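Multiple structures are listed underneath, in structure tokens.
In the two assemblies presented below, subunit A is common to both, partnered first by subunit B and then by subunit C.
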Partner chain A sequence: MENSAENHYKIIRGPYQLTVDITNKCNLRCLHCYNFSGENICVDEEMTDEELTRLIKDVADMNPLNLCFCGGEPLLRKDILLKLIKILADKNIQISFVTNGLLLTEEVAKELKGAGLSRAQVSVDGIGESHDRLRGRKGCFEKAVQALKNLNDVHIQTGVAFTPTSWNTDEIDQIVDLCLEFNVSELRIQATMPIGRGEENTKSILPTELQYRKMIKRLNARRNEQILKDGKLRIEWGDPVDHFIRLANYVDECCAFVSIKADGSIAPSIYLPLTLGNVKKHSLKEYWEHGLGRMWRVETLKEVSNKVRCIKEMNMDEIEMPKTFKEKDIQIDIVEQNIL
Partner chain B sequence: MSLDKKILDFKPRFKKSNVAYSREENDGYVSFRFQSPGTSNETILNDTCVEIIKICNGQNSIKDIVDHIMATYEGAPLDLVVKDVVETVQKLMRMQLITWEEENPFIPKYRIDLGEGYSIYRADYSDIPKINNFFKLVQIKEDKPYDNYQICLNKYIPKWSINSEVLRTGFLTDMQYIFMLEKDGEVVGTTYSVDNNNKCIHTIISLVCKKDILCLDSFVSYVFSLIPQISTQNLTGYRIHVGNEENELMNVLKSTGFEKTLTLENEIGFGKDLLEYNYYI
Partner chain C sequence: MELNSIVKTKTETIIRLAEESDTKKILDYLEENSVNKFTLSKKLYINTQISDIEHFRDLNIRNNIYNFYEDYILAERNGKIETLISLGINKRSMSQVYLLNLIICKKVNREQLKNMFQLALEVLPEYSIIDPTKIRASFEEGTDYVDLWKNILQEVGFTHEAKRENELGEGKALTTMIMKFANKK
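And now, the complex of A and B:
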């Protein structure tokens, strides 16, 4: 068995997991949105249908484990989304996508199932009013729950993403119960990132430490309960900055996870303002062959990621780096600069 | 081949259904993602491992697999092939990707009778339902009294993992040691401990026994004298982190040779200390 990460990049033919922002357009303006969906700097330079198709065919040839279409709201580009899902599904690649559920009607759920979607993650950030308050529109909670039901009805595996805010942390038990009711396979909770609109609304939405602690305590209790029961609902706590601290400092030998932004740029981390190329200029395969698997060895990337050691530091004004999704990224091209 | 005949005759079966993903890579390597609680990320196997997996079907013995590899890789030294095959099977077993029908030579039972109806044996996966039932009876709840049982829990290990990891997955590897104490066929006590990869200190996770067991001393001393002989690691000692509780089990551990080496003040918060006990072999 091969355990040395040092050799992995020489051995593997491509990434195992990818996220692709199929659009950054959005039908909501959520207060916590980390990438200013609907109004960020990528919106006007998004990949065309042809560019997306070329990228996804490239990905399909590399045969990764899974690909997740993110956004924005991916269903705003439903037609191309369905085509891309089909290309990947034909190669037995697991495909997931994230959605706010507003457009996920019964009919759309059937279309997604028909195309070969494996899994969908619906954002549910509270019960009823607290969910809608974050979304700035009434009725969104009902639609998110309906989306879960519609997905469930066509047997698409579902996940729920929950972002803690100052007004929803005490609803975590009800969120777990909701997940159980709709056969959700994973509840993923991630600390609120104070970037994007999350930065603009920091004061009103960020939970206090005490709120976090109380929520985590309940969360652990419910997770243990689920593990003992049947383990069908996985409850995961995700630290959004962990990956770039870990990858930049401890395991920079090989990273088989790649994120593509809506404008085609390749981002080592969607939370950092640095890109390593653009699939509009060169194919993903070309980037992989030029050492994309060792992206975390790029010195500038290490410098940028090491400026941030915790979530709170993401929006500190004294840290000198471009505001992610608001200002132009630091742009490196590993093919053209041949630096790996 | 200088291997125990039981190992040579062992017929492992690779759980094909647990392969969630595979991709052929460069130089004959294959990436796998397994649906197995013993694995999380992708695992890259070299061509020999892949060849071993192909014929790990429950029909071929370790000896058959060795012969197959010898035939596939002409000129390969026998000793190296034997080592490779055995280590691969063991590693796959630890990743919970191997099943077997008869007694697993990597997890022998080491059964002994203590008289008066008491017996001790090492559990394997077939004993999971028994262990499960026993824990259900005990209903481990931290900081709550256990009417008919005495319990010694490693406070660094979440209490749930004692129930969950083995019982949920229904699997025991050769690095996990659950010994059962039975009285007239009924489970009355267990010890659960684990080898740590590349570490010489063996971690005790739990000891659970019914109260008023006559042979508690014999049970504990048998288990802790046997483990160093059968461990996958070169053990130099045992370690457990416990709270302040005093019970017969702790007394037995102390009489076996466990000594308090460290007090970690307020380690688990709420003003509660953790006591580290070590027993050096």
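And now, the complex of A and C:
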């Protein structure tokens, strides 16, 4: 007898939340970049404008709650980005995107607003030179701050992503203050991952245990202060490992979160070296109809996921798995192999 | 290991504050020494006030370590855990007290436990995300092994704090013992 979760799955038309790497090309080479943006294994295999349009029309029909365009730097494909935002906005789907802010001028902010963008997340990894050091270029901090201002001016909701490093954890109070200045609604911080360029630069960028702890202490104090004040700024200490431990062990009936890599491959977790198909070969709807929502039942996925229990293990060194975004993923195709 | 507060005892046992990368090791140790009952035994102390069976499930353990809500002190020999102590903070309160949630020993070694608590007292004022004032152990009076564990904790430096009559209902009293951090009243 089918259980209720299986019955519910039949009436869910598609994932409720997606991330789509619109490009992995990038105008920066940040020291911590988890997916080697600009030079990873996907960058020469990216979806064309036509393939992206087909995917997003598919997504629009599935009517998810939210889709986030990630990268790379999404604004390097601004024209198609605006077109895709419009398709989703016409269906009242929330659309967010992440950016380093370099290309986010006043004019671009207006274009994004006009297309229907709901929310933008700008990376700010320190104050002034501290931010620029991680980005590898002078002047990036000013542009990121200007991007926050431009977004705020056109009333696009903004978030800030902050990556802790060995030299910026004691700037957390200034980061919170910056967020308050520009009406940022969410400050998201998560532990720096030793993957991608983050692995190559581990020694120089990773904060110490003590630096993390001192930062979290301040962060908790500021979070409590914000909650007591008006709660407009949400402060999140994210965990990059938690989701796949949770999904692999506790959720195999229906997972409604899907990531699409820039080459069209479908990833259950953007941090794991395993994909379940490619939207260049079959439509997302077809994958959904073939059980994509039950993806965490796939034994190989559970095995891969269960090998990683801490952030250090994400670099796959000790567990002999392909390096995410550097080496070819373990590729399964749930349509062609009909395994769900 | 980056912590500068590693204690090497005479027996070459290393005592240290665990980090997020120790999660798997801690999970494996807890599984080997299955914490499936909320009762004291000869080699296991558990905070009698933990009522949520999920507390020592893998996801919650990881979550608590990652968020620094629970600190684990490990005594290891040849890389294997001999004794584990967990000290949790109450994330939903203003309390600056660490709750002694768990002690699991392969073999109860009072000297080693003393060294482990000593490390906690030395390291946590700097490493903690609270400003810790004391560590509190809790016992339900009248249950097995209470006297044994009270005696062990007394030997390692805990003192009686309070006895709360009928705290746990049905006439059951709760006794607490504490160990103070330096310069805290």
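Assume the second predicted complex is superposed on the first by the 331 of 340 C-alpha atoms of A that agree within 3 Å, B and C clash if a C-alpha of one lies under 4 Å from a C-alpha of the other, contacts with A are read in each partner's own complex, and residues count from 1 in each chain.
Everything below uses one rule, namely that a residue touches a chain if its C-beta (ideal position, glycine included) is under 8 Å from a C-beta of that chain, and two chains touch if they have at least 3 such contacts.
All values derive from a computational prediction rather than experimental measurement.
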| item | value |
| --- | --- |
| Side-by-side fit of subunit B and subunit C on subunit A, or clash | clash |
| Touching partner for A:Gly231 - first (subunit B), second (subunit C), both, neither | first |
| Which superposed partner A:Tyr16 touches (first subunit B, second subunit C, both, neither) | first |
| Superposition-derived comparison: subunit B or subunit C, residues of subunit A touched | C |
| Touching partner for A:Ala256 - first (subunit B), second (subunit C), both, neither | first |
| Touched partner set for A:Val241, first subunit B, second subunit C, both or neither | second |
| Contacts of A:Leu65 with subunit B and subunit C, given as first, second, both or neither | first |
| Which of subunit B and subunit C A:Arg213 touches, first, second, both or neither | second |
| Among 117-125, 153-161, 171-179 or 207-215 on subunit B, the segment whose C-alpha atoms clash with subunit C after superposition | 153-161 |
| Residues of subunit A contacting subunit B in one complex and subunit C in the other | none |
| Subunit A-facing residues of subunit C, complex | 2-3, 19-24, 27, 58-59, 62-63, 66-68, 126-130 |
| Contact footprint of subunit C on subunit A as seen in their complex | 191, 208-210, 212-213, 216-217, 220, 237, 239, 241-242, 245-246, 249-250, 309-313 |
| Subunit B partner contacts - residues on subunit A that touch it in the complex | 1-2, 8, 10-13, 16, 63-65, 94, 224, 227-228, 231, 256 |
| Residues of subunit B defined as touching subunit A within the complex | 20-21, 23-27, 29, 31, 33, 42-46, 49, 88, 91, 158, 160, 163-164, 168 |
